[in-house]
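Both of the next two complexes hold chain A, though its partner changes from chain B to chain C.
And now, the complex of A and B:
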């Protein structure tokens, strides 16, 4: 599964980073960086939580 | 959904009432300071403030909890972030209280007076930074540009007012009313004392159950059908977070119950969408550190009188609540 981010929707609030810190990081400019577009086996749950928890629906998963 | 119209008493452009795309540009100016990384780095400072306040709370005697303990914490943290010196923090708190509590007859200062006092104070902080920038939020906002232009004086002021009020009343309300929920559910309090690793999920449940901010008003940009009703484009909609957070279609049969182990807990206490609470990581950190420190010192807390609420429709916090705290170590001597 791959993570797809819509930069136009993202407001850089970092809920995804709080839920899956190894995958998402808001950088010093307030822009979200997806550290690993491919979802690692052992991070499936937290990535799903992060995608579902995004308040602006800027994240989705693509198989 | 887009934004409510600005309140008539406050004609300034506010972040929470600005539509995209300008909203995103404005918000990004400060969101950098509120990312999970930045907020985690604040944990030692937050813990030191929490500890210094809790040091004044002694077990076994009646004490006032809302103003006397809880209210001191978020205001210090947000005032520190903004760049206000520590000796001004208590004055800051009085103005912040008055600027949201105008409907409460016991708040002496009118919200307009408090607003004016805060504006004059912010003006002083800005003047000091005209010469020497520091690394606080005021300095960051003074240097910020949106679409190549600096913020207007009004925009800068409204940012500072919003950050102060939003960072202060809400978190304090969460902690005070979260404590009331624990007192009213003694079995949950015992569970939390025995297993502090439950504190993060307990905080989420407090957010859901308490819903510190009661509502926000937005305007529909298109027709929306919802449970057999149509919200027409252009109509105002009052979003009642507390009602959403007790929705049995989301939270099931236990929607009305306080359950510190609830998971998943997709509450809307921070709102959602473009305007979702900017400070949610900070609020979670403050509440977690508070209950970690508080429950490590006190394993019992009981109300010794009524819980008096602020008469505010939007953030109806606790004005006073008297409690007696019990500590496991000193319990024998106290009782």
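And now, the complex of A and C:
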């Protein structure tokens, strides 16, 4: 599975980082950095939570 | 199914309140495989929509005034199989008969999630005076937007987060803007007096007049607001008055239910509300947060979303119930700067570990005894979730300070916009 992010929608609120800190990190500019676009096997659950938890629906999973 | 089928759990879920918490509740119930009847009851005419944009994007010049909705009617009704009763206020609850009243009608439930949120407090005596608004609903936001578009001289009553966002929107258009705050320092309850003062500097730096320690003696005008008179006698001319003095949990409809209410529906750690099958979530819920071992009610987006989901999961499979614990988190956008807060503003002081409260970036950590309990950042997006994690791990304050030293600011000049 791959993470697809819509930069126009992301407002850098960081809820994804709170839920999946190994995959997402908000940088100094408040921009989201996806640390690993390919979702590691052991992080599927937290990434799914992050995708669903994003308030602006900026994240999507693509298989 | 034969009549002899053993009942393993509830067969109907009713959710009252069709906003963030209510929506997440119905989604979560289906997601864990609940196949029974789901009814979502909401008093607003609109599909569930997002509130944070109401005081942000929606107030910007030229921005669309359509609500940001989460799901279409088709998705809710056809895909999720939710019976949607919008524009339908619940008027009462009978926990013994297990029914919700809507006017003369009754909706029976096995499991119930109360997600009726909060209502903005108004200024008594200003009802019916044009130009005076609270900001809680889409309709409120559209009225405020219209006034800003017309170039209103703006007075915001209450220097809280929502009011401050309105002040930012007014200043962005260059309108004369005053914020009136009753307390000597703003935001004392949320972030403590020192940092409340620091955040308030954003107002003055951006040309908003801030009048602290003043209350509104009178709102002047006969049909339409003309000005605001403060207790010290000053009169501020105004075409728009936005009242941002907090919100009250919507428990009015529960008055005769016998459900324990104390500034919110009182819940245990599992969001159970003191009568069989009943749970509460979101701004209306006061629950026991085991992470801080205290009862709290928060008005934050992420807590409402998460509680809605957890309350519904617990409601439809009570045997597998899990408690809900969180490090409360919210954000607010003022004058192009982002404020983020996680945790609780502990009583034992705070320490700035990065930046300067008089400047456009800082990170402050709060403590209770030797425990790290909270973090406040201004334009510190990179830091906030890392400290939030430490708070969740019950880190000691000195551990957090040590962490701060190793993650010293790396803000390049390019980041100051």
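Keep in mind that, in the parts below, the second predicted complex is superposed on the first by the 63 of 63 C-alpha atoms of A that agree within 3 Å, B and C clash if a C-alpha of one lies under 4 Å from a C-alpha of the other, contacts with A are read in each partner's own complex, and residues count from 1 in each chain.
One rule holds for everything that comes next: contacts are C-beta pairs under 8 Å (C-beta built on N, C-alpha and C of every residue); 3 or more make two chains touch, one makes a residue touch a chain.
Given the structure is predicted, the values throughout are model-derived calculations rather than measurements.
Engineer: Based on the superposed arrangement, let me know which partner A:25 touches: chain B (first), chain C (second), both, or neither?
Structural biologist: Both partners.
Engineer: Check whether A:14 is in contact with chain B, with chain C, with both or with neither, and answer first, second, both or neither.
Structural biologist: In the superposition, A:14 contacts both chain B and chain C.
Engineer: Chain A residues touched by both chain B and chain C?
Structural biologist: On chain A, the overlap between the chain B and chain C contacts is residues 12-15, 17-18, 21, 25-26, 28-30, 53, 55.
Engineer: Can you name the residues of chain C that touch chain A in the complex?
Structural biologist: By the definition above, chain C touches chain A via 50, 52, 70, 301-302, 305-306, 329, 331, 338, 340, 379, 381-382, 384-386, 388-389, 410-412, 415.
Engineer: With touch defined as at the start, can you tell me which chain A residues reach chain C in the complex?
Structural biologist: 12-15, 17-18, 21, 25-30, 53, 55, 57
Engineer: Can you tell me which positions in chain A touch chain B when the two form their complex?
Structural biologist: 11-15, 17-18, 21, 25-26, 28-30, 49, 52-53, 55-56
Engineer: What part of chain B is in contact with chain A in the complex they form?
Structural biologist: Counting only chain B, the residues touching chain A are 24, 27-28, 31-32, 34-37, 264, 266, 270-274, 276, 278, 280-281, 284.
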